[in-house]
Structures are given as C-alpha cells and as structure tokens.
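By written order: A, B, C, D and E. Residues from 1 in each chain.
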Amino acid sequence: MISVKNLKKSFGDNEVLKDISLDVDSQEVVVVIGPSGSGKSTFIRCLNMLETINGGQVLIDGKDLTDKNTNINTIRTDVGMVFQHFNLFPHKTILDNITLAPMNVRKMKKKEAEEKAMGLLEKVGLAEKASAYPESLSGGQKQRVAIARALAMEPKIMLFDEPTSALDPEMVGEVLEVMKQLAKDGMTMIVVTHEMGFAREVGDRVIFMDNGYIIEQNEPTALFDKPQHKRTKAFLSKVL
Amino acid sequence: MISVKNLKKSFGDNEVLKDISLDVDSQEVVVVIGPSGSGKSTFIRCLNMLETINGGQVLIDGKDLTDKNTNINTIRTDVGMVFQHFNLFPHKTILDNITLAPMNVRKMKKKEAEEKAMGLLEKVGLAEKASAYPESLSGGQKQRVAIARALAMEPKIMLFDEPTSALDPEMVGEVLEVMKQLAKDGMTMIVVTHEMGFAREVGDRVIFMDNGYIIEQNEPTALFDKPQHKRTKAFLSKVL
Amino acid sequence: SLLLSACGSGGEQQSGSEDKKVLNVGTEATFAPFEFMDKGEVSGFDVDLLNAAAEEAGYEVDIKNTGWDAMLAGLQSDQLDIGMSGVTITDERKETYDFSSPYFESVSMIVFKEGTNITKAEDLKGKKIGVQNGTTGQIAAEAIVGKNDSSISKYEAAALTFQALQSGDVEAVVTDIAVALEYVKNNPDAGVKTVSDEQFTPEYYGIVFSKGSELKAEFDEALNTLYENGTYTEIYKKWFDEEPNLDVLKEAAVQ
Amino acid sequence: MDFRFEIVQDYMPFFLKGMAVTIGVSLAGILIGLILGLFIALGNMSSNKLIRLPFNIYINIFRGTPLLVQLLIIHFGIVPMFMSPSDPLVSLIIGLSLNSAAYIAEIFRAGIQSIDKGQMEAARSLGMTRVQAMKLVILPQAVKRVIPPLGNEFIVLLKESSLGSVLAAPELMYWGRAAAGQYIRIWEPYLTVALIYLVLTLSLTYLMNYVERRMKTDDLR
Amino acid sequence: MDFRFEIVQDYMPFFLKGMAVTIGVSLAGILIGLILGLFIALGNMSSNKLIRLPFNIYINIFRGTPLLVQLLIIHFGIVPMFMSPSDPLVSLIIGLSLNSAAYIAEIFRAGIQSIDKGQMEAARSLGMTRVQAMKLVILPQAVKRVIPPLGNEFIVLLKESSLGSVLAAPELMYWGRAAAGQYIRIWEPYLTVALIYLVLTLSLTYLMNYVERRMKTDDLR
C-alpha cells in the first residue's frame, strides 16, 4: 500500500529526514512515536506531499509520488489526513465542511454528498451537529468531524498527526474510540501519537523515530516492554 | 494561608464561579481537577486578582482581596503564578526574565538579583541557559524558567494553571520534578492539572470542580479510588 | 529670561530707526510673465513694479512666493502687508480687502487649437472653456456663459489650463493676453491660435492690502508717480514689448 | 477675524453637488480597486518570481509616487488616447481605482496571509487544487479580516479624491477652490469643505465600527 | 510630445535642494509623530472613557480632514500665535507631526494589542504595575511589530509633505510647481519630481524590507 525507500527531506540546511524506508501493508495500523522534533510530522506530511520530497522514493498504492507525471490531487484523495489542530473550515457548517471536497473535487451531487456526510457524522456520533459551526464544538467533537471530513473522500489510507494532543484529557477517549473503529473496519492507518494505550491496543506495529531516522520498530508489546535500542529506552522511560 | 468564602465570578451573563469556599493551610498542596470550562483557571486567577471578583471574599495571608485598600501589587508579590503557556518575556534573556521583577518591583540591586536568579536556575537545573533567550528553549525548559521567575519574588503561595499540558510528553516529567521539590520544601501550592500521578504523589488534597462549583474534595487516594459523586466518577472514568 | 535676553543681545543695539521699514509681500509665482520663479528667484512684471513703487513710497519689500492660499491667509491674519499676484479687482473682493488703484489693464484673449471655429467671444457659448481659477479670464468667460456654468472648468495653474486644451478637455482657454502670449512663446509648436474680442470687458489688477491698510494711499501715490516719471512705461516695455495705455489706468482709477 | 457666512450659503448648492461627486468617485474607485486589487494580490503571491514581478512593480509605482502626478499622467497622457474629449471624472475614477488597487492588493495579501496555514493544508490534503482552496476556503475567511483596513482605505480615498480639483473634476474640493477664487477668501470655503469631509469620514468610521462589532458577534470561528 | 530636457536641467539644483527639504521635514515629522503618537496611543487605550475621549477626538479629526486644511489652519491660525512671521517649514513640520501622530497612534495601538495577553498577565502577576508592565514588557516587544507599518507611514508622509508647496515651503513639489509656472509646461517638472519621489520611496521600501528581514533572522521569540 505504502512503500517508502530512502526518503530524505531537508528544510534549508536542516536535514530533518535522513534515510527513511518503510513498507505498510493494506489494512495495517502503524503507530509512530518519538521525541519532539524527530521528524514524525514531516514524515507523514511527505506521504501526501504537503512537503516536497528531497530524495528517495514514495509509492502510494503503486503510484510514485516523486514522478512528475503523478497528479498529486488524485493521490491526496486517496490519502486522508487528520491534523493536530483539526483545521476545520470555520466559515462552513459541519455538514458543509464534510461535503465541500466531495462536491468540488469529486464533483459529487449536493444531495448525494450530504447523504454520505450524514452517514459519516452518524458514525462519529455527531449527526445532531450537522448544521452547527465549528466554533460551537468542543475539541473532541472538532476532531471527530475532521476525521469524518477526511473519510468523505473515501481514502485508502488515513494519516493522523497527533490527533489527540491538542485535546482536553476528558475528550481524548472519544476520538481514540472513533479511530479504533476505523482500524477495525480495515483502514490502512499511520498514526503519530503519544497515546501508548492506543498503540498497544490498536497498532500492528510501532515505529520509534529519532533525529530523522527510524531507530527501532516492532509489535507494540515487544517494543514497549523490551525496547532494544538505548534511545528507545530513554524515551519510553520518560513517557510511560 | 488562603481562605475563600462564597466566591462568585461572572463574565457578562455567564456565571463561571457560582459559590466557591475553600481554606488552604500553609504548606498544603491542593490539586484542582475538573472538566474543561468548569472554572478551574478562573478560580485560581481570582486568587491573585487577574480576574476581578464579583462576590464573596478572598483572604490571602490575612489580607482581604476584595478590600479596596488592599494593594494588589503587594498581594501579587506574595502569590506566584505559573501559566500553561509559560509567558516568558521573549525579548529578555533567561536571567533577565528572572531578575526583571525583583529589580523593578522589589528594587533589588542588579547584582543581588542576579545572584539569586542564578541560585534559582541552579535549582531548576538550567544554570547554563542563563544568557539564552526563551525561543531557544524547549517547552519543559521554558516552564522551569517560568517557575524560577515566580520564585524570585519569594512568594508565600504558588499557583499553577495546567503547567504541563502544553508540553510534549517527554518533557512533562522534568517540570513535575521541579514542582515536587517545591512541595517538599514546604511551599503552599494550588495546582490545576490533569497529571493524576502527580496529584496522588504530591497532593495533600484533590478538589474536583464542575460547572462553577466544588463538587467533591478529599485526599488523592480516597478521591481517585472511591469518588463519592456521580459527576466525579464520570470524569475520572474518562481521564484515568 | 529678561536677564538672559539682555545678555544675549548685548553687543548689537538695534539702531535701525532710520532704515526703511520692510514690508512682507506674498505672491503665487506661477503666473508668468507677471510673477514666476526664474530659477529660484521670484521675478516678473509685478515684482519689478512693486519694487519700484515701494522705493518710491519709502519702503523695502520682501517678496516671497507664498502661494495663493497662503498669500490670502497671510493678508487676513496680518502676517503679510501686501499681496501682489495679478489679483483682479472685483466688488466682491473689495468687501474683504483694499486694492490699490489699478496698475494693469488685463484684456482677455481666447486660446484654441487650430481648426476650432472661434472668431469672437460669442463663439464660446456651447464650447467647453478652461480658465485659471479666480483670474480675469474666468470673469470674462463667466460674463459670456454665466457664473459657475458647467461648461467652465477652473484649473489651479495656467500650465494645467493649457494642458487641458492640448488634451482636448476644453476647446478654448480664456486668459490674460500676456499669459496667452507667454504660453505661445514657450510652446511654439503647440498648434494653437489666439483671438481677442472687444466684447471682453477689461479688468484691472491691483495690489492687495488688508482692509483699512494705511499703505493703500501711499502706494496709490507711488504708482501715480511711476506713471508720470516714465518708470512704469519702462517696466511695461521690458516685459510686454509695447507701450502701455496709461490713460486707461488713470481713468479706471477714478471710478 | 470675521467669518462671512453668506459665502458658505452662496456656495452650499455647489458644495452639496460636489459632495455627491466625491462620494460617487470614491465609491467607484474603491469598487474597481477591489476587483483589481484582488487580482494583483493573487498575482503578487504567485510562487513564480517572474509572474510576481510585474505586480510588484505595479504596487511599488502606485504607492511610490504622488497621486497628483498619477492623476496628471492618467488624465493628460493616457485617457486622451482612448477617449476624446477626456472627462476629468473618468480620469479621476481611473486614477483612484488604479491607485487604491495597489493599496488594496497589500490589504488582501495581509488578509490572506493572516489565515492559518493549516486551512490551506487541510484543503489541499482533501485533494483541492490551489485555486479551489483559495476560492472555497481562504478567501471567504480573508474577507472578514480585510473589511476594517478596507474601510480605512475608503476614508483615505475619500480625502484623496480632493486632488480631482486639479483636473477640474467638480468634486467637493473643486467647489471649495472655486469659492475661494471668487472671493479670494480661504477660511469660509476651506473650513466648510473640511467639515463636510469630516462628517463623511466620521460617518464612515462609525459605520465601519458598527460592521466590525456585528461581525464579531456573529463571528463564525 | 516634445520633452524639453533643458527645463529639467535648469531646475535640477532646485529639485535636489527640494529633495533634501522633503527628506528633512518628513524625518522630523515622523520622529515627532512617533513621540506624540505613542502618548496618544496610550491615552486612547486607557480604561477610563473620559480620558480616552480627547485622544479619540484628536485621532478622528486628524484622520478625518484633509491635510491641506490642517496645514492652512496650523500655518495661519496657530503658529502665528507663537512665531511671527510663521515659517512655512516650521508649520509644515508641525502639521506633518500632528497628522502622522494620529496615524502612528493607531499603529502603536494595533502593535500593543497584538502582543499576547499572557505577557501582561505574567508581568502583573509578578507584582508589576500597569505602567511598569507596559514599559518593561509590552512596549519593547511591540516596537518590532510596528516597524513595518511605521515604514509605510513614513512613505506616506514623504509624499504628503508635497502639500507643503501650498505654504510655499521649499520642498520638492514646490520647485516642481515653480518650474511648471515659469515655463507653463507640466510634464517636464512633474515627471521629474515624480521620479525623485519614486526613488525616495523605493529606497525606503528596500531599506524597510532589509530591516524586516534582519529582524526576522534575529527574532527573539
């Protein structure tokens, strides 16, 4: 599904991703952890070309992102993204937030898009908020809408960049619940998170990144309980 | 040390604190928990008059905050405050951040203020950063400086408003460590936090607020393990 | 402070009681050939005449290019003693200021592009006319087509008036003969023609004083002397290359 | 100093006509300026340096030279090429539009850049093109941010339209100058004209504050 | 159209002198405007409505009326009370200062209000008075934010100083008008003058961009 080979990315002189290789299978849930500044966000942002790639190769569902003939907008409809700060469109109702891209990118009919959106809102438990504006929602509700919005494009892969770390603690659970359901439904997911409970329960694999490299990867229990690398140990000791 | 009687506070029509009464002894560490919007921040901001009080009475070390003759600036030097977002002064070095108030409010000599500041930086483990600017520090380091800055005024009470919730997880520990030390040294503290581990280990008492009221208070173990009130239970089930 | 100022000016006693009094004069030096900046120096017919008249009346004059608005405000606030800027004498204006007896007969002239059908003042009717705001040209044109008629455009400076003619904004410019000729001299290939008409009633320029100024009488007398002793004629010929008609001025002065 | 009210009275009909013209040309100027300004702002934000260049030059020239000179060039140099005889009102509107477009472009740019980067990223990550994201997500939000500075720009324009008097466009200041020319008195006409400008700009300011306050209340953050 | 270069040549020394005056009065105007503007901004941000009122009126009047009228009133109404005869340069500097102060006050207000509220709260919570917090914490940070808009204001001032020609202050536009009056031609003097203004404002723009870029590099966030 996703195949990353020797990915490199720099901002100016700052080499943020040094040599990342990774394969993710269909329906796999990969959790990425690592200290702040290690390049986690940059890595998943490269996967839907929010950052330009400086070296190496990324294949999404067989399509090469570094190939100039690849249409990034098509790729992006295949790769949904959920951000730490939700990034809902504040001037649109919840329903319009969700239907905007399907109607304008997929050229879906309004009625069809809205039916679909209502289905997704049902799924994330927010059907009654359809006509509200984002500002009236709590953080947890916003993030669930953001997930529904991404799903409306029927992506094959979902990327999550610390989806719960801007939330008040009592709202973390509801978002993780939605993500668990998504994983259960067979979505391919890459999740940057500090929620170790989620990683343990849902993750098929946990990747520990530091300083632009993948230092260690393993099944969650194995990685958390028996980290092999010194840096992994040091990090886990602080966070767990 | 602190005595709050029937405290009331509204923003316009929105009554945020409805009837808060609380006594805190010298050297006591009180942890305040509760859902978002319950009024925790507003409550501790009332204690050093960052919010004007609409009703009731607050005595700090015997001085009545609602009395017009009370000099708030003097009260504030007795009550240190640490904010969620650090609020360091970006245009000043770390050392100057700490010496600014002692020199200008307490009219301390520069040399004396700096010696004292270095002592405090030593205590929070950041002596080598004295001449750095805040932007070059990590979140955890910033918050430790903010604590040192508050301590430089030699307050009798320290207020903390979610001091670790803007931090990356691997930096939470270092800040809590400093706070623990402070508690051990006998500082009177009121701490709004979601770090239940800290509450358990350091707190003398935990207060659960909801919707502008203190719903329940008890020793940490008692409150966490046997919450009496329905709302307390509901909240704890989400967060623990 | 008394002490200080006494110390400061210790050496030089002001002994100028015998020096001539200096009069402050304002002008808007954008009205060639009457007054204009000749590379930094205010010069023109008005300047020479005023200098001569002042000499005659026993004054010195300090002529500054203050600009039009500033000249008027200066007169009204008594910061200036004299305004000398080809100012047309009208009854409306006399309510606010005192004018010297007329020192120049301003006859208006029509300037138009070659090919425009204008032979006399009446032809202005139905045409778009450009004038310089507040000048004799404006008075003359308004006498033909009516006050503040929409066919009249008032420009701030002579240069703009002629530019408007060039760009076709207006079909005719009505202005003082001297200004018209000065324009033709400076812009020989402008492709314009001029025509004058007896129907334009002559207007007169006067030196402007604030209301009730004692200077008026002295300068009237001085002007008279200049008419008599030939100085006026000399200055006139220097700037306009022809003999002045002194009788007209004297006659107008009587009215 | 005496103040002759009858001068004000005499010229009041002209002042009122002039005021209407002033309002008209300013409105026309800001409206055309808005359209041009948006276009220039988008051009000036292109990622391609060569596309940016002409827009940048445009902005610098129109912000860098006195409007008076711009008006003269437009009226006497450019408009006559398309229109004969050239009408000073047309030239004034063109001049104000082109000039305000340069300032409005900068207002739009600031407004667009003040929208959180995450909005563009979210839109792009949903597969929208840059243009779609601009049109559907960024601009609708930027509109609110630019209303206060646009209001200011309108006030500036209102006052600057007084330069139209140089072209003999019959706006408020033109009639003020005409009155001053007739009576060769400056205070009566200029103070009256200043008062009218003040009334216009203050009304605008209050209108703006009202709009801003309303926008804040039903802010859809 | 023929362009008579000798006119430009003849008047070049005067244009250069005028340019120096233009730069001088604009500099003086912005410097005095800065001091006044800061004072007005602080007054206009007082929590007391009655204290705010006069500052608010000041700002509205100076932003709401044409600078031309302000200059006339200052030169003929106010300056003569202290100085006789009043020097047009002095009046021009006073007028530009008072006018720019109103705009600068708004720039300062925006700058101060853009500083995160937490900064004031942190300062107050350490026991500083409002004045101390302003002086030690808020203003030093606001200074950076206001530099770009102040640069713009300086450019505006530079161009508006051309109204000094109405008072016969011998700045750049004055000499442009003088040349136009002497030769009864507009293009040679006005285009030259416009070019000089453009050079001045462009130099300033580049200087400003340079300063902004430098500030970004050693930004002490």
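By our rule, a contact is a pair of C-beta atoms (placed from the backbone, for glycine too) under 8 Å apart; a residue touches a chain by one contact, two chains touch by 3 or more.
In UniProt terms, the chains line up like this: A, B = Peptide ABC transporter ATP-binding protein; D, E = Amino acid ABC transporter permease.
Computed from a prediction, not measured in an experiment: that's the story for all the values here.
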| item | value |
| --- | --- |
| Mutual neighbours - chains that touch chain B and chain C alike | E |
| Pair exhibiting more inter-chain C-beta contacts, C-E or B-E | C-E |
| Farthest chain relative to chain D (centres taken as mean CA coordinates) | B |
| Inter-centroid spacing, chain E versus chain C (mean Cα positions, whole Å) | 36 |
| Between chain A and chain D, centroid-to-centroid distance (C-alpha), Å | 46 |
| Whole-Å separation of chain centres (CA-atom averages), chain D against chain E | 20 |
| Per-residue multi-chain contacts in chain A, two or more chains | none |
| Residue numbers of chain D (touch at least two other chains) | 72, 76, 186, 190 |
| Overlap residues in chain C, where contacts from two or more other chains coincide | 69, 73, 76-77, 160, 163 |
| All chain pairs that touch each other | A-B, A-D, B-E, C-D, C-E, D-E |
| Residues of chain D that touch chain C when the two form their complex | 1, 4, 14, 72, 75-76, 79-80, 84-86, 88, 165-168, 170, 174, 177-178, 180-187, 190 |
| Residues of chain E defined as touching chain B within the complex | 116, 118-119, 121-129, 132, 136-137, 140-141, 219-221 |
| Residue ranges of chain C touching chain E (in the complex, touch as defined) | 24, 29-32, 36-40, 64-67, 69-70, 73-74, 76-77, 79, 157-160, 162-163, 179, 182-183, 186-187, 189 |
| Contact footprint of chain D on chain E as seen in their complex | 60-61, 63-69, 72, 155, 159, 162, 173, 186, 190-191, 193-194, 197-198, 201-202, 205 |
| Touching residues on chain A, where the partner in the complex is chain B | 35-36, 138-139, 168-173, 194, 235, 238-239 |
